[in-house]
Amino acid sequence: MATKDKTMSMRAAIAGFVHDGDTVCLEGFTHLIPTAAGHEIIRQGRRDLTVVRMTADIVVDQMLAAGCVTRLVSSFVGNSSAGSLGELRRRVESADPAPLAFEEYSHYGMVCRYLAGSQRLPFYPLRSYGGSDLPSVNSDLRKVTSPYPGPDGEPEQIYVVPPVNPDVTIIHAQRADRSGNTQMWGLTGVQAEAVYAARKAVVVVEEVVADAVIRSDPNRTLVPAHAVDAVVCCPRGAHPSFAQGYYDRDNAFYRAWSHISKDPRLLQDWLDEWVRGTADHAEYVEKLGAEFWAGLAVGEALSEPVNYGRRL
Amino acid sequence: MATKDKTMSMRAAIAGFVHDGDTVCLEGFTHLIPTAAGHEIIRQGRRDLTVVRMTADIVVDQMLAAGCVTRLVSSFVGNSSAGSLGELRRRVESADPAPLAFEEYSHYGMVCRYLAGSQRLPFYPLRSYGGSDLPSVNSDLRKVTSPYPGPDGEPEQIYVVPPVNPDVTIIHAQRADRSGNTQMWGLTGVQAEAVYAARKAVVVVEEVVADAVIRSDPNRTLVPAHAVDAVVCCPRGAHPSFAQGYYDRDNAFYRAWSHISKDPRLLQDWLDEWVRGTADHAEYVEKLGAEFWAGLAVGEALSEPVNYGRRL
Amino acid sequence: MSAPLTSSELLSVVASRELASRRKVFAGIGLPTLAAELAHLTVAPDIEVVYESGVCGAHPSRLPETIADAVLVTDAEAVIPMPMLFGCVLQGGHIDVGFLGAAQIDRWGSLNTSVIGDWGSPSVRLPGSGGGVEVMANAREVFVVMRRHNPRSFTGELDFCTTPGPDRALAEGIRPLGTGVTRVITELGILAREGVGEELRLVAVHPGVTVDRVRAATGWDLRVAGTVEEVPPPTWDELRLLREDVDPDRVYLR
Amino acid sequence: MSAPLTSSELLSVVASRELASRRKVFAGIGLPTLAAELAHLTVAPDIEVVYESGVCGAHPSRLPETIADAVLVTDAEAVIPMPMLFGCVLQGGHIDVGFLGAAQIDRWGSLNTSVIGDWGSPSVRLPGSGGGVEVMANAREVFVVMRRHNPRSFTGELDFCTTPGPDRALAEGIRPLGTGVTRVITELGILAREGVGEELRLVAVHPGVTVDRVRAATGWDLRVAGTVEEVPPPTWDELRLLREDVDPDRVYLR
């Protein structure tokens, strides 16, 4: 009923909701990756973070290189299909410049951790991990015996994962209203569950829109306002990832990252120039230039409207 | 890639997918109740069905009165807020004219049975039932000990429910394409999970639309074609329930049902006239008349389109 | 405005006052809706109602007749599916207050909505839990509105415990999130209970109702607060808002 | 069409043939996409591809560059969230064939995608499971495409078993849905395995490849089928479709 204005700057949101030592979840499966939020975490020099993210990719490599992260919980640590994450490999393979604690899962294991966290369950069962070496390096992968007989009439065992409840979850979305009713389309991943699993949630959006836009299509609201603590308007904040209908993926940068991240010096220079050397994401966007953004522009493919009906 | 035409008449769908002795799930939480499918089950005289439905309401009372059902799995057996289900009460209270086996759950218990069924899990945990008498009358409500310590460091127990895997799930939706990509809006309940939990699935829709309509908004597709076996076009098939944006709820009939169902003779007369006495749902709709339907007509409240984008 | 006060109006007004300072309310339709709407206009401007049908942030053009009324959906801020509603919102711990009704309540606030008589061959088959079990287990507190206050409804022993309060859950070693029933609002007055291990106590009576009358209408030896307040009757403002703004068509107030 | 046959083209064509009569395929991007698209045009007109990003029934205007490419979403029939994709579609048992790759594979078709060396201090940290563990546990069968066929990749003992085949799962008392890896397609030929308890066997070699060469390139004592077929080279039609219709921009074929 009440509409509370939760909009704030990225600087204020990171200052207010991400603290040294926190467990920070950044979600977005290739699409809508909250890169700009990661950059602001780097700018503000957070330390000792545990990062939770299914696909630890470029933004995680950057946060690692900036010294923000001591622990990583993930199910895929690679630069998409474009190559390696240089800093992550140095941290894991050589503890260079510092060791990285790593909790390894599979994708669905991570999904189930969010499901358990969001549903306040002590565990979530899944038909994975039987015979895998993962439980030998991750003692949180455990088994439960079903209280119902299995298909052969004998007791049946199944693996379970524990809940994850991040201190804060940060996601990127196409649009929200001021109070945080958040609409996403295209690949929607596990963002809603990651938000509900968290103690606090920050939603970064391409656009803050009028209440009437959101309310014209309530089924499109994947994250309701009651689960959101801050709304940050940050256009193009998912670059080099993409926002369906807003701008395309910067595949060239993904390919370039394997090269940049391979050399610690190159990587630090990149951070100095593009993250530490920019005041905020607006400056980063401007620095990339209008011509660059024109290259990622997309055309129009509008959804057909549906009728919600109105009582006559 | 391929588009398989799965459209068929309601008669063919019920004949092909509902057999005597089957476990039949009818879902739709107040909204989009597959009433017309229930009526066709009555017309075809199915026997010995187990009906699975969270809110067993008018359509279930009708199927009970027609002698189709010997077992009911449900979490709410009432005529909405409008009163009682006469036949259900006679069956349960007096075994009149025959006993009814009843498996009683709570709403979330039913939701979790669908979740377990759709995810092929041996059980699904939920924080319900502690201290309830329900486990004393439903031996499928069991407990599991979490392999992780509870908040107090001690072992933690939690209730679980078993999966439900209906022989067939029938749902009603606003629209689908010929191959079964199904779009719903408004209250969407647990229909997608009920479909995935079933061996076969029948989707009844207000409209079969062109592929291009569905494909203009793929996030609106809550049930993908790969989970659907039959598509039945049956306008106004949810009456007396409603279809958001198509027609409103017939509240007068809900109120009338308490009166009709209270008297077995009145109830059988009603079935004779409106179900057994009509060849199909089109005749039922016609019999209700144009003036009646005008009273349930709704106005327009269109969703704002979103842009999915197109590569330039 | 000179029409006589109805029982629905009285219960709605009293319930609305209890929502002061509460934020997120889980509601079925009927009196809870009226109470929440009135509270929004009076003591709890920031209140958010989540409906058991999955509607969040409703802006209905008319007063809804059911929790699934189409007017709740059109112009709403969000409509969420059942697994998310019950799993993330309710079990996830986002609800401050849930409203429940019942055929029977006991001194600990446990509820029966299943049967009168024996479960296997009941004299009356009631609708059952719906989401009641989940509301009790997961909302921070639960308000119960009972129109009829008599010894069969306020019973020493439930015919069947559909919806257990936390005391019963804890006895089985299950720890619910909330404190169970904290307020019972009836035609005679208000019973309250602060937490686990505590029985419902009579804390207030409506004007003209005696403590003895409430005790006689209660099927157990009802505890009574040191000071039993008199419930202030609905103010002119409360009644006006209820009759003119919240339910002008008298969908519920009839 | 006279350009020389590349390794990608060969593997794509061979993989596409193996999809004959298969229906629902779970695919990451790259060669599996090419194989599925080509199969659709040749041996499996009814094939349906579900992408690990959640896209079902894609109709891309261009060949996608990743499994999450925006062109897969626009005009798709459905896009489903991760819990439904992994929970209902994959674990629910809807997938006939899953495609996987790996750094190492053993004779039972178990895979390592985590590390070379010791997990705690690896010489190479690889990306890890992604959804590989789930594909192996839940797809009816799994096809593996391995460009490099040498004893370090086809190893007697995995450095780490990320993704166990059903034999390893059963040894722990966990019963997977499918049969695990049934086909391994490499630059040298095709290994096959029909079910639980069976090792991979060499069933076919590319023209000019000897059985001895494959044995020497395999890090365990490779079983060989009674009759080792020669893989028919890509036909003119297959190559034309692949080069002109499936990947005219040579996103993957370069």
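Going by the order they are written in, the chains are A, B, C and D; count residues from 1 in each one.
In this text, a contact is a pair of C-beta atoms (placed from the backbone, for glycine too) under 8 Å apart; a residue touches a chain by one contact, two chains touch by 3 or more.
Keep in mind that what you see is a predicted model, and the values were worked out from it rather than measured.
Visitor: What is the chain whose Cα centroid lies farthest from the Cα centroid of chain B?
Guide: Between chain B and every other chain, the largest centroid distance is to D.
Visitor: Just curious, how far off is chain B from chain A if you go by their C-alpha centres, in Å?
Guide: It comes to 35 Å between the two C-alpha centres.
Visitor: How many angstrom lie between the centres of chain A and chain D, each centre taken as the mean Cα position?
Guide: Once rounded, the distance between the two centres reads 28 Å.
Visitor: Between chain C and chain D, what is the separation of their C-alpha centroids in Å?
Guide: A distance of 57 Å separates the two centres.
Visitor: Among the residues of chain D, which are close enough to touch at least two other chains?
Guide: In chain D, residues 55, 70, 73-75, 79, 87, 91, 138, 177 touch at least two other chains, as defined above.
Visitor: By residue number and range, which residues of chain B touch two or more other chains?
Guide: 115, 120-121, 126-127, 150, 156, 158, 185-186, 188, 192-193, 216, 219, 244, 248, 298, 301, 308-311
Visitor: Classify the chain contact graph as line, ring, star, complete or other.
Guide: Graph shape, chains as nodes and touching pairs as edges: none of the named types, so other.
Visitor: Give the pairs of chains that touch; include all such pairs.
Guide: Pairs of chains that touch one another: A-B, A-C, A-D, B-C, B-D.
Visitor: With touch defined as at the start, can you tell me which chain D residues reach chain A in the complex?
Guide: So the residues of chain D touching chain A come out as 29-30, 52-55, 65-70, 73-75, 79, 81-83, 86-87, 90-91, 110, 114, 119-134, 137-138, 158, 160-177.
Visitor: Using the touch rule from the top, collect the residues of chain A that touch chain C in their complex.
Guide: For this pair, the touching residues of chain A are 1-2, 4, 115, 118-121, 177, 179, 181, 192-193, 196, 211, 214-216, 218-219, 221, 224-227, 308-311.
Visitor: Please output the residues of chain B touching chain A within their complex, sorted ascending.
Guide: 120-127, 140, 142-148, 150, 156, 158, 160, 162, 174, 183, 185-186, 188, 213, 216-217, 219-220, 244-246, 248, 297-312
Visitor: Considering the complex alone, what residue numbers of chain C touch chain A?
Guide: For chain C paired with chain A, touching residues are 24, 40, 45-50, 55-57, 59, 61-62, 70-71, 73-80, 84, 87-89, 91-94, 138, 177.
Visitor: For chain B, which residues count as touching chain C in their complex?
Guide: 29-31, 55, 74-78, 80-81, 88-89, 92-93, 104-109, 111, 115, 126-134, 137, 150-151, 156-159, 185-190, 192-193, 242, 244, 248-249, 251, 298, 301
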